[in-house]
Amino acid sequence: MSAGERSLRARVRLPLGIGEVQAWQALGLVAIIALFVFYPLIDRNQGDVSSVADAGYFLLLVFGLNIVVGFAGLLDLGYAAFFAIGAYAYAMVASTQFNLHFNFWPMLILSGCVAALFGVILGFPTLRLRGDYLAIVTLGFGEIVPQVFLNLDKYTGGPNGISNVDQPVLFGYHFGFNPVPYYYLYLVVALISLVLLNNLKHSRLGRAWMAIREDELAATHMGVNPVTTKLLAFAMGASFAGLAGCIYAAKLTLISPDEFNFSVSVTVLSAIVLGGMGSLTGAFIGGLLLAVLNFKVLPQVTNWTHALGAALHNEAVQNLDLHYIIYGLILVLVMLFRPEGLVSTASRRAELHHAQPAASAAAAGVE
Amino acid sequence: MSAPLLAIEGLTKRFGGLTAVKDLTLNVEAGSIASLIGPNGAGKSTVFNVITGIYTPTAGDVKLDGRSIVGFKPHQVAGTGVMRTFQNIRLFAFMTVLENVMVGDQTRMHATPFDSAFRTPRAQKEERAVTERAMELLDYVGLASYAREWARNLPYGMQRRLEIARALAPQPRLLLLDEPAAGANPTEKRDLMGLVRSIRDRGITIVLIEHDMKLVMGISDRVTVLDYGEKISEGDPQTVRHDPRVIEAYLGKGA
Amino acid sequence: MATFLQQLINGIAQGGMYALIALGYTMVYGIVELINFAHGDVFTLGSFLCIAILALLGVSASGQVIGGWQGALIALLVILLAALLCGVVGVLIERFAYRRLRNAPRLAPLITAIGVSFLLQGVMRNWKGPSEISFPQFLPNPTFSYGGVHIDARELLVVVVSIAMMIALQLFIYNTKLGKAMRASAQDRDAAQLMGINVNSTIAWTFFIGSALAGVAGFISGMYFGTTMFTNGYQAGLKAFTAAVLGGIGNIAGAMLGGFLIGIVEAMTAQYISDQWTNVVVFSILVLILVLRPSGLLGEQLPEKV
Amino acid sequence: MHRPLIIVVALAVVAAGCSQQSSQTSPAGSVIKIGIELPLSGADASIGVPTQYGAQLAIKQANEKNLVPGFTFQADVLDDVVGSRHDPAQGAKNVQTFGADPAVLGVVGPFNSNVARAEIPLSNSLQLALISPANTNPTLTKGPDAIAMRKDHPDQIAYFRVCTTDDIQGPVGATYEYTKLGARKAYVIDDNETYGKGVADEWEAQFKKLGGSSLGHDHLTSGQQDFHALLTRVAGTHPDIVFFGGNSSTGGGLLRKQMPDAGLGSTIYAGADGISDNQFLQDAGPTADDVYVTVASVNATKLPAAAQFLRDYQAEYNQPVGPYSANAYAAAMVLIHAIGEAVKGNGGKAPTREQVLDQLRQTKDFPSVIGTFSFDANGDTSNRIISIYEAVKGKWVFVTQQNFTGAH
């Protein structure tokens, strides 16, 4: 091992409770953050920046659901409902709908709070339910919420939704339709979220969530209050969706009920499982991958097949729609070959165990 | 004379038509090791489950330090300083060994969700203290070098010890051990006896469910024998060992 | 009163359809504890296959009606073939997408099931195009009326077939060797294995039967609605799964009860509240019932083993 | 930890972003791009793809006929489907992608009203022409919401549409059905989507104004297939007409098909252009007879240009036109015409987007395959001719056409 190599393996303590990592990992982390910070300056295409910015709301959804499903092990199939609630919470008081124009920034927090409140309201009746019964109730909730927004057309604009949602203004700077400020807003919120989530994960509450996930009965015998612990998971998870909904509505200036359907919930859940349950790095990677796939790659695929078919004068190729097939195949194949997700702390540690039984009890790191 | 730490008075638990425990009265003195023995299905685990709040008794009372804990939820029972292990090991498989023990210390922690999310100085201090205590406990049960392992990766015997360490985390007043020696080899059993004694010497009262007569007779201060939910004998190991009703119940098995 | 009875009939007919799909859901769940999201799409595939088989037999969507024994024979042949093909598809799905994951983390097979659902939709989309496609209405459809209440042959068909299937399934599971193996595997897979039951083939048979039932449902629904579309599986599967959970998942009579209940609730909501609130009412009732009985209407309330 | 994985992902993100850039050619060349922004996959493809073909056919013919000398047109197609259906956020991103490419001088699209609501403010802000072949909801161009959507450039509209709006189509239908068919008691059903609910509300308002009564107005639940319960309720009120606002794909045909089961077989059934397609005839089968629909364009058989378009389309794509193919063709043609005029005004050089917009706003009496039209101050078409069709023996038969005069 050369001196350079050794210094790369030296341990560096990162701030904000992120923990201790090896030097090369710290360098990598800095490089990635730098990449994200400078990305809008590299790519001048507004459509692309807008796509990557929208990956931001998707990532927030993934982070939030990761608390509920990944940390606390509560299978939630109706998570998009909280996204809808956050978006409507902001849009109803900051648009031409009622000619109310509340300021974006306090509403950002408040949307999160409103969603959290509904998280508790939904969570309460489900406390006694186990596994898949919980899944179906949350799925039902996910069907009910957009339908209610659709049906209460006097307040929500019905199928038209709410247009002309106010865009944020920060110290006199109007965000407007420029995706770059939204990109940075998402970046800041996502980075703060990651730090907070990492803190939570390695805390009293985080351990209580995971204990409930692993064995609820044993957890309660260790003094974990299942009611508050689960409700906190629902509330905190929902608050992320509320936050995401608020920024989403402001960026798009429009919301309508069919943007919050089951496929949103499913995609977010897939991102978590694909990335690796309960792992923050996994949630991040899974979220980014699915966002790129859904917002960038799959819409392009249709165009490619159309173009290819037109070039070949082959009607069958031209009418091909590979959207579903590609997406389905990715989900199936990843799960078949990496059932624990792309970033699997579980299998990694297991491997480590076999290699060196007395693994060092070094200080905490990012999982 | 001071009141017993744990007092079970006239406890009855019925499941439908089946009476699992019938009119059981049992006192456990502070600082002692009490054992609960009896054939399979005698209702031993049911007693534990009633004490820890999984089941509410059909009749009778359970008092800790003179205060009834009937109707407490499991986490509230834990809050009073009663911890337990399980017959079939119930560890948090995908958490590290260290984290398992730290979960055990929940009841003594005060960090609010806000503290946790923002790592307030208060939370950091508490977290450090809890980590330190957990490491000490792991050292105590001989698992310190496995602190960063997944609990599920430990061999069976170590999992048993980890479960005990987890239950010891909040310095409980009463520790309920449900067949800790099940599946252990003679060496492990000997080590376990030493461990149980040393826990008692830390001032923790222990109630033990166990099948291994040699182990029970070797460490118990007092033994209670259950058969079909009823107490058939009680006393120090010597008395119980020679009680004809016990011999009858075990018919060729023990003693 | 006539309106109420008519709505009851409407609800039972629609509910029968849900029940028929729910049977497959509940069987698969009972044995492998997997929410088989692809089941709804196997059902849609069933109706697609029926159209293809009918086309091979020369029956098209032109509206020709084939009465008498010929019609019945064609119907029987189509049902059998569709059931067989769907069953095979179900077995293939289990073999290639689920079996490997039997001991994987709990959510992995769920995501795979969602993936398979997308795959099936993609295949159907490219097979028959993105629009609604017609299902040949080749059977005569006499209507019976009494006191202002109408019921037609198609509605009778739905109800009769779904109840017959439930009874057949019940008899099968309690009286045949394979049925007993299924129950044993559902109870405790490892123990069943030790008892000499071939768990792999038992699970494969479960998927076969469940998917075959979906194929039957595909035919019935095609006859009842007259059209089908590659995305239909989602809504149908959602309601059927809700029915299965409502009745107590894993319980065959429960799936039936849940299906009829949802159908009736929908019909009554459309009559006495408004059509747009049907889903809200159905899912609210679901939440309410599960809060009161966390294991569903006929589900066993199993205490956790400690 | 797997840091390298993150880097790979991050690079993939950037690469995906940059791939777009490499295809950007400078406007200095003689290529002018026309954006096409429609839902092209999933269930939406059935209606989106034929619409796309309509626009592409126009572009191809413009090149063949060298309509704008010195320039070739190129279609740049983007899909707005995410997951399984059209997505406003994706539509907005697509418009931004077009906006970032200086070669794109105008866009044909979008298809869906909620997508339009996300794109109109953007196109207004970017001053990039957006011409919809299919949005019929009146509130997109008229009323306070519409004005608010033009926030960045209130006086410089950038959104146009070639189809007549529902506040014209609905009332014309209601008037016909009230006066000519003698309907008095109506039951209104819609699919609870922007278009369907909009047109149903307009129809109902006019029907009541004329003196008819509305016995009820129900909204369907999306994905619903069984309407027996709803129809039993409808039958209980004994209407002489059932009006459906919505599309064939949202239940228009199935609803009609199930009406006889509830004893409504001889009740008149009416709808708007959403059910004026072959899909409806196919879904409803023999029950399609006595169904009346309005279509917001002139009768194609009376326009030679339209007949030619139908032939060309069939020859090019070997399939029948979709309900909005001709609209898309007309939208692309009016855009190409405006670009041509802008090129002329710019001395033969490639024009700016503003110059193209200027020309579009001035569009007057443009002859197209859907009739001759101008754009009014809101960007709406002046074409207010509504045709009425009746289904007879599995075919749509032209009944009459009316030029809507305004007052309603």
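Read from first to last, the chains carry the letters A, B, C and D; within each, the first residue is number 1.
The working rule: a contact is a pair of C-beta atoms (placed from the backbone, for glycine too) under 8 Å apart; a residue touches a chain by one contact, two chains touch by 3 or more.
None of the values given here were measured: they were computed from a predicted structure.
K.L.:
Name the two chains that are joined by the greatest number of C-beta pairs in contact.
P.N.:
Counting C-beta pairs in contact per chain pair, the top pair is A-D.
K.L.:
Most central chain by CA mean?
P.N.:
Going by the distance between chain centres and the overall C-alpha centre, it is A.
K.L.:
Return the chain whose centre of C-alpha atoms lies at maximal distance from the corresponding centre of chain D.
P.N.:
Using the mean of the C-alpha atoms as each chain's centre, the farthest one from chain D is B.
K.L.:
Report the inter-centroid distance (CA atoms only) between chain B and chain C in whole Å.
P.N.:
About 48 Å separates the centre of chain B from that of chain C.
K.L.:
Would you kindly tell me how far, in whole Å, the mean C-alpha position of chain B lies from that of chain A?
P.N.:
Using C-alpha averages as centres, the distance is 41 Å.
K.L.:
Rounded to a whole Å, what is the gap between the Cα centroids of chain A and chain D?
P.N.:
The answer is 34 Å.
K.L.:
So, what's the distance in Å between the C-alpha centres of chain D and chain C?
P.N.:
37
K.L.:
Hunt down the residues of chain D that sit against at least two other chains at once, touch-wise.
P.N.:
Each of 42, 45, 84, 192, 219, 221 in chain D touches at least two other chains.
K.L.:
If a residue has to touch 2 or more other chains to count, which residues of chain A qualify?
P.N.:
147, 150-151, 217, 319, 321, 323-324, 346
K.L.:
Counting only residues that touch at least 2 other chains, which ones in chain C make the list?
P.N.:
125, 129-130, 234, 276, 279, 306
K.L.:
In the complex, go through chain C and note every residue touching chain D.
P.N.:
3, 6-7, 10-11, 13-14, 17, 61, 63, 125, 129-132, 134, 137, 143, 150, 152, 224-227, 229-232, 234-236, 266-271, 274-276, 278-279
K.L.:
Flag every residue of chain A that touches chain B in the complex, lowest number first.
P.N.:
Checking each residue of chain A against chain B gives 16-17, 196, 199-200, 202-208, 210-211, 213-215, 217-226, 232, 236, 278, 346, 349-350, 353, 358-362.
K.L.:
Given the complex with chain A, which residues does chain C contribute to the contact?
P.N.:
Residues in contact with chain A: 29, 33, 35, 97, 100-101, 104-112, 114-123, 125-126, 129-130, 234, 238, 241-242, 245, 249, 276-277, 279-280, 282-284, 286-287, 290-291, 294-296, 304, 306.
K.L.:
Over in the complex, which chain A residues touch chain D? Could you list them?
P.N.:
Chain A reaches chain D through residues 21, 24-25, 28-29, 31-32, 35-36, 39, 42-52, 54-55, 96, 147, 150-151, 153, 158-161, 163-164, 176-177, 179, 248, 252-254, 256, 258-259, 261, 263-264, 267, 281, 284-285, 288-289, 292, 294-300, 302-303, 306-307, 315, 319, 321, 323-324, 342-343, 365-367.
K.L.:
Applying the document's contact rule, which stretches of chain B touch chain A when the two form their complex?
P.N.:
Going by the criterion above, the answer is residues 52, 54, 73-75, 77-79, 83-84, 86, 90-95, 98-99, 102-104, 106-107, 109, 111, 113, 115-119, 123-124, 126-127, 130, 135, 144-150, 153, 166-167, 169-170.
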